[in-house]
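Alright, structures below, take your time with them.
Each of the next two complexes has subunit A plus one more chain, namely subunit B in the first and subunit C in the second.
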Partner chain A sequence: MPKWFMPLAAINALMFAASPFLIANADYEATMGLVQKIFYYHLPSAWIFLISAIVCGIASARYLFRGSPRHDRLAYAAAELTVLFGAIVLVTGPLWARKAWGVWWQWDVRLTASLMGWMVAWAYLLVRRYGGPGSDKLAAGLALFGMANVPFVYVSVNYWRTIHPPTTVVPTLPVDMGAALWFAVACFLLLFVLLLRLRVHLEEQRARLDSLYLSLDE
Partner chain B sequence: MIRTAWLILRKDLTVEVRSLEIAYTTLFFAVSCVLFFAFALVKEGKAPEDGAAGILWIAIAFAGTLALGRTFERERQSETLRALLMAPAARPAIYVGKLLGIVALLVAAEMVLVPLVAFLFQAPLLSHPLWLAAVLISGTIGFAAVGTLFSAMLVRARSRDVLLPVLLYPITVPVIIAGVRATAELLEPDVELALVRFWVALLVALDVVFVTLALWTFEPLMTD
Partner chain C sequence: MRAALLVLVLLTAPFGAPAFAAGSTGFGLAGQQPDAQPPKPVDEFVPVSQLPPQDQLPAAPLLVSAYAFVWLALFGYVVSLGRRLSKVQGEVERLESDIAKGTRA
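And now, the complex of A and B:
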């Protein structure tokens, strides 16, 4: 592992410990009150979910066309994190929706597209695990479709009239809400980078172990 | 390129017409699927609202999965896939030929399924035949575009029968949703054609995205 990993992990832990205080100190939203606070974790994890799907897609494309195993390992790691952060989004979203819309789930364009992106990431992992030899390329092809879904999730709320709040909400936030939000975004972004590095490291070790076994056989 | 695609389509159709294996099994499966839904959902001659649209598309998706699994399985069994890939033909042309074959097969199945669903669920499916054809064909192309790519790739994978739906369904969710919504709209007593037009436009857009992505990735994916 690189030298910067442990200090940054410690900083990230401290940031996560501090974030509830910032979120608690931010103003209450006029109509939703306390429930709105979940947004400070929902939106950052949603962004990371999309970023992660893009990382997975780009790495897969490079693996597919250039064939370097380094990118394959990156794509695998990113796919797992897409599932992880997608799970956070899909849990925090309904918790908020229950109060704001009165229902846990709506078949709204953005929700459907997010769920689909999450399922594609799951399918990616299933193929990698159970597909046998050659499945890495197959999964890479799948990741490209998963990436094509991302802009769709992002713009869907602005083009379709849906009940999910649009992307234009973010710049209009009052200062203290914005500060809490951007702090949470920084927390999640750092967490994503750390986890990605850790996961890629694990795959590198695994690949090294495999090649050691191979050289032992020869 | 178009000529190669046409030759592959003609080859597949010739093989298919000789045995009619995929056509019969797919159709039988789709029809039994619709019958099950009819047993389960139609009570005292009354079908649930909007049921027909959903069931039509479920039958198409299930039958499509079956047909997709078989087309490349046939190439593998007779060990002609290698020959096909070694032939001096552009990979995208092979893909397009295979895709057209699947679409032709599914459209043929739909010609049986639509009257059957209309009959069993008392749905006025044939009141706007041209719009329905547009919805079905654009939806089928979108579904088959992804399906052809993945079933071609899965030929070498270990548990290909299980993995095809795992790969195919999450990606084709938008196609199925748009298809179902458009078909359901066509079944309304007073059809809002603007809405149907919107869904068809979405389907065509998805077709373009899926076919482009598939043509782009087919070559590296089919190379060892």
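And now, the complex of A and C:
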């Protein structure tokens, strides 16, 4: 692992430990009150979910057109993180919605498209695990669909009738709410970079193991 | 004939455009604001304990559940990743030592 990994991991752990204090000190939202504080972890997770799907898609495209195993490993790692952060979004969202909207789930465009993106990431992992030879290329094709879904998820709230808050909410946040949000975004972004590096390292070790087995067989 | 059609289209375009524009605003209904209505006067006070069950839902358990899920999911993933990594690294080291000895376990 690179030298920067452990110091950054320690900083990230401290940031995560500090984030609840900033979130607790941020103002309550007028109509939703306490439950709105789910937002400070929900939104960064959602952004990382989308960024991860984009990373997976770009790495898969490069793997499809250039055939570099390095990009394949990056895509595989990013797909797993898409599933992780997608699960966080899809669990914290309904917990917030139950109080704010009165329902756990609405089949509106953003929620449905997010669920679809999450299922595409799951499909990627399942194809990689059980698809047999050639499944890496098939999964890379799936990742392109997952990436194509991302802009649709992001802008959907601005174009369709939905009860989900639009993207214009974030730039209008007051200072203390904005500070808590951007701190949480920094926490999740750093965590994403660290987890991605660690997961890619796992794939590198697996590739090394495969080459060792091959050298033993020869 | 083509020229006549073209003239007809050009002449009717200004009349059709507003209708098309109205249709396009219907696409983004979320942006429309309903007419402002003054709030209704309160004619009785209802104690919180007498609210219907769906309105009595406390926020704290939902908030705690959300944060607990995030922390547990992230912690669980880090532990799972650590275990997978140590298993693979252990196997790599074992194979490398086998190769160095010239034997295979």
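Just so it is clear, the second predicted complex is superposed on the first by the 218 of 218 C-alpha atoms of A that agree within 3 Å, B and C clash if a C-alpha of one lies under 4 Å from a C-alpha of the other, contacts with A are read in each partner's own complex, and residues count from 1 in each chain.
The definition used in the following text is that contacts are C-beta pairs under 8 Å (C-beta built on N, C-alpha and C of every residue); 3 or more make two chains touch, one makes a residue touch a chain.
It should be emphasised that the depicted structure is a prediction, and the values quoted were computed from it without experimental measurement.
When the two complexes are overlaid on their common chain A, residue A:Cys187 makes contact with neither subunit B nor subunit C.
When the two structures are aligned on the shared chain, A:Leu144 is found in touch with subunit B, with no touch to subunit C. Once the two complexes are laid over each other on the shared chain, residue contacts for A:Tyr41 go to subunit C alone; subunit B is not touched. When the shared chain is aligned, subunit B comes close enough to touch A:Leu64, but subunit C does not.
Contacts of A:Gly102 after superposition on the shared chain: subunit C is touched, whereas subunit B is not.
When the two complexes are overlaid on their common chain A, residue A:Leu212 makes contact with subunit C while staying clear of subunit B.
In the superposition on chain A, A:Thr92 makes contact with subunit C only, while subunit B stays out of contact range. If you count the residues of subunit A touched by subunit B and by subunit C, you find the higher number for C.
Common to the subunit B-facing and subunit C-facing surfaces of subunit A is no residue whatsoever. Contact residues of subunit C toward subunit A in the complex are 27-31, 54, 57, 59-60, 62-63, 65-67, 69-70, 73-74, 77-78, 81, 84-85, 88-89, 91-92, 95-96, 98-99, 104.
Interface of subunit A with subunit B (complex): residues 64-65, 112-113, 116, 119-120, 122-123, 126-127, 130-135, 137-138, 140-142, 144-145, 148, 152. Listed in rising order, the residues of subunit A touching subunit C in the complex are 20, 33-35, 37-38, 41-42, 45, 84, 87-88, 91-92, 95-96, 98-99, 102, 157-162, 166, 191, 195, 198-199, 201-202, 205-206, 208-209, 212-213, 215-216. Contact residues on subunit B toward subunit A in their complex (touch as defined above): 146, 149-150, 153-154, 156-159, 162-163, 166-167, 169-171, 173-174, 177, 209-210, 213, 217, 220-221.
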